[in-house]
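Note that the chains are named A, B and C in the order they appear, and that numbering of residues resets to 1 at the start of each chain.
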Amino acid sequence: MPSDPASVPFDSGKTSEPNHVLEFPGGYTRSVGPVIGRFLSDLRDGRLTGVRTKAGRVLFPPVEYDPDTGDDVTGEFVDVGPIGTVTSWSWVPNPRKTHPLDRPFAWALIRPDGADTALLHALDMGVFEPGAKPPRALRTGMRVRPRWRAERVGGIGDIECFQPEVTMITAPSRLEYRLQGGRALDRFLEGIEQGRILGHRCDVCGQVIVPMKGLCPKDGVPTSEEVELPGTGTVTTFAVNNLPDPRAPEVPFVSAYILLDGAGLTMLALVAGVPADQVRMGMRVRAAWRPREEWTRSMANIRWFEPTGEPDVPFDEIKDYL
Amino acid sequence: MANPCAVIGVGQTAYRTKRPDVSMAGLLREAARRALDDAGLTWTDIDAVVIGKAPDLFEGVMTPEGYLADALGASGKPIMRVHTAGSVGGSTAIVAASLVQSGVHDRVLTVAWEKQSESNATWGLTVSGPFTTSLVVGAGGYFAPHIRAYMRRSGAPDHIGTLVAVKDRQNALKNPYAHLRIPGISREMVESTPMLWEPIRYLETCPSSDGACAMVLASEDAAKAAPNRPAWVHGTAMRSEPIFFAGRDTVNPQGGKDCAADVYRQAGISDPRREIDVAEVYVPFSWYEPMWLENLGFCGEGEGWKLTEAGATALDGDIPWNASGGVLSSNPIGASGMIRFAEAALQVRGMAGEHQVDGARRALGHAYGGGAQFFAMWIVGSDKP
Amino acid sequence: MRPVAVVAFAQTRHTGEDAGLSETELLAPVITEIKRATGVTRFGFTCSGSNDYLAGAPFSFVSALDAVGAWPPISESHVEMDAAWALYEAWVKLQHGEIDTALVYGFGKTSQAAYPEVFTQGLDPYYLAPLGVDQVSLAALQARAYLEHTGTDERRLQEIAAKARAGGRDNPSALHLDDPGEADYEVAPLRPHDVAPVTDGAAAIVLAAGERARDLVERPAWITGIDHRSEPHQPGFRDLTCSPSTRLAAAKAGGTGGVEVAELHTQFSHEELILRDALDLGDGVAVNPSGGPLAANPVMATGLIRIGEAAARIAGGTAGRVLAHATSGPCLQQNLVCVMSGEQSDG
């Protein structure tokens, strides 16, 4: 029976407990007939079943008649799905209490493989904050599968909802290493720890390689003659980096090739202490060491290179080091 | 001498930011099956498989030839995996060709790929141990100073890079597989994009793509049975040099010059600009077109930008470069070199579709990698050498 | 085929712990030694094998190039596999006829991470790697399958390990490990001595063709056959009691008849039994006189070292026909067989 309107004012007016419930005790007892019954029985078994029409179409969910002609359907039941294609959808950013899911989700028309018609069901796209916009992955044509309830009773709710096919898995990957830098690098860093920049002179080409590798990459021979280089040098070429990086203080930062005085090749380092747009090829720079008490066995002892104020080196003198 | 070797099948996937619809094996199989179809062959017809890709860290699958062996029909067959940094797509094709040229096999399937969306390429390239203090942020951070050095050395005007960025993307509009397809691409559009690593602008860089490219390489006998016209291999070459050493020319590396000289010698080419009809060259940053024009001997040193500016490398120029849209338009890193080699083959087979260069009979495929220190090249032609 | 031979082999004194050398520093003396031994400093082709996951950073092979002397620029390639496959690539290249020599090298340090776990990264990324199943556990599955199928006693494994360690103690390059004693399982049925030890090391080989090989050394080890074959990846798709890909590769390499010495890539004791079956090696064939991988396993060089050790028997005049084997992947998935002879074959 409808409730008495006169009773409403006694309520607070806020959405509290309903003051009237219409519920047929125990639920209606409906007979389903052979076609829907077959479908629901199969559904309870975890299978999707359609039925073929005389024209050859497969209806899903199955009904007893051809919706186009009214003809009886044939008695031929066909397994379909369980994978299906979304033919249309709507997105529910704030679900109602009656909805099957309590987080944003889609309603979708889903046509299982092997069927010619579609089923309406909920489509769970994952975890979203209330009010979320439709996710980009939600689209017509997407492939979905049913998420079955563990306890099934023979109802459409035996499928809790559909969900996208698995298209990606996250694969955490972590390996632990105990690395050593190697003898040449160890020796180089030992120098850096003492505020010295060390290189090796190659016996064959006579060039000084810094940081040394214990061999000359060009001549393929071992090197051992140590040479200490000054902290001054020349910028040969550089990039102005506008993409932030944790290894640099700010954006833009300049990564430059620096030819240390006396070295045969350049090394890559940060240039600072000057606006990025004033860094030049040929600019003279010196190493800016951190305070001695902060020194460790690391290249971080040199904070960056900064201008010396000397005149630029002519391009001709650096062009062979590019 | 080497036995004749022909490309009788080419297959590519569409190149996209993400291919969430396929597994890794599925991506490779898509390209491989298209190559097999082109060659009129099935999996069982193949004698051996050669795969290539950039570092395993990109997808987090180490030694992927193991996982992919049966996915590529290689049960009971030889399968190898090549890795030479960015040039790998090219060197993989060369290793596969070598198996035919040596007379060891008659039909070799080769596949190169990258599924960059599974991780992040900048991470994959920049992961380093506790002793490395490199300030290089991705490939652009590495190459920007060298581009600056080229500009200074050659006196090229600033807009040359923009011209290449526009030209390659216009070509990409004619290639259904291309990743970046930007209708109405223009100089203004490129110039309005920000400098990422000055002097490199956003639209002067390559995208990050998922994709695979495959080829079937065949002996002379096997090529006779192929349903479509073959592309014959006229020469292959690889060169490597160390990344840092005293006196290294990073702008115009000796390795590239030597590699080109070797492949031209094999193909009997003395004037590449005149004798090559179309070139697919690894240009991941637009400025590398004029730089490689010089390195590959299409002009004298300091002259490359003039060819670009004059339109010589456009689809209707006298030496079209990257008719497919090139690496600037599609870049599944490990596959990018093989795509160059495969597009060169498609051109001389007359099968390049809308971006076909009319009458192309001889083409260069080129790839490079690392700190511009690894090079792989081949020349393919319509005629059997 | 064009006759091609192993003409020189060099390897480090492998260590069971990190000796403080970078991969490049490990390799450099080996390259220097092999150049001095052959008197060749420029090679027609260079090819290497290595693995980025050993140090956990990309491009191991790029740094290694510093050790080679790649100037002027060299014709070079690299496989991210055991260097035995680099040797195969070089052998193929030599068949073209344009070049006469090739340098092949491989290097690896397993002291820097838990290699059995690193190995997991090389498994099927959907069904196997997410399980975290490691190399030893997979090998133990195969050992169990073989032992049950053939009725072999576990004690047989310890005998193999004891023989390997004895061989290693006679080999200045290998680790010098004690005779195996009583030990608990590492992963049953494998015990610690059934598992190849942690090893750092590097190795190099020079190949030469025809006359050039004869000019360089007195007794070249002529490659009479070389081939490699793969199997499906999933262990569950395979019969783990045998190694059909090894058998096939051996047949393609011309068979194993007359082989006196075999160096096999056995990272686990039971693999020697499976490989002996697959290669039809009788009791008279000496297997792994060097000690084999159970006495030194610098991964990515281990397979190449098998070829070098086998060839050294010919160079030294102690054998006329030898076999080397290399493997890759879980449970002997992929196998390479190289047969060498002191006599140049007609083929």
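Simple rule for what comes next: contacts are C-beta pairs under 8 Å (C-beta built on N, C-alpha and C of every residue); 3 or more make two chains touch, one makes a residue touch a chain.
No experiment lies behind these values; they were computed from the predicted model shown.
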Most central chain, judged by mean C-alpha position against the global CA mean: B
Of all other chains, the one whose Cα centre sits farthest from subunit C: A
Of A-C and B-C, pair with higher C-beta contact tally: B-C
For subunit A paired with subunit B, centre-to-centre distance based on mean C-alpha positions, whole Å: 27
Length of the line joining the C-alpha centres of subunit B and subunit C, rounded to whole Å: 32
Between subunit C and subunit A, distance of the C-alpha-averaged centres to the nearest whole Å: 39
Where subunit C touches two or more other chains, by residue: 53, 55-56, 65-66, 70-71, 118, 121, 125-126, 129
Set of subunit B residues in contact with two or more other chains: 60, 129, 242-243, 245
Touching two or more other chains - residues of subunit A: 171, 173, 177, 179, 181, 185, 216-218
Touching residues on subunit B, where the partner in the complex is subunit A: 20-21, 60, 118, 129-131, 133-138, 140-141, 144-146, 148-149, 152-153, 194-200, 242-251
Residues of subunit B defined as touching subunit C within the complex: 1-2, 23-24, 55-57, 59-70, 74-85, 91, 94-95, 98-99, 101-104, 124-125, 127-129, 132, 237-243, 245, 253-255, 258-259, 262, 370, 373-375
Footprint of subunit B on subunit C - complex, ascending: 1, 46, 51-53, 55-59, 61-62, 65-66, 70-81, 85, 88-89, 92-93, 95-98, 118-119, 121-126, 129, 227-234, 237, 244-245, 248, 328-330, 333-334
Residue ranges of subunit A in contact with subunit C within the complex: 169, 171, 173, 175-186, 213-222
Residues of subunit C that touch subunit A when the two form their complex: 18, 20-22, 24-25, 28-29, 31-32, 41, 53, 55-56, 65-71, 111-114, 117-118, 121, 125-126, 129-130
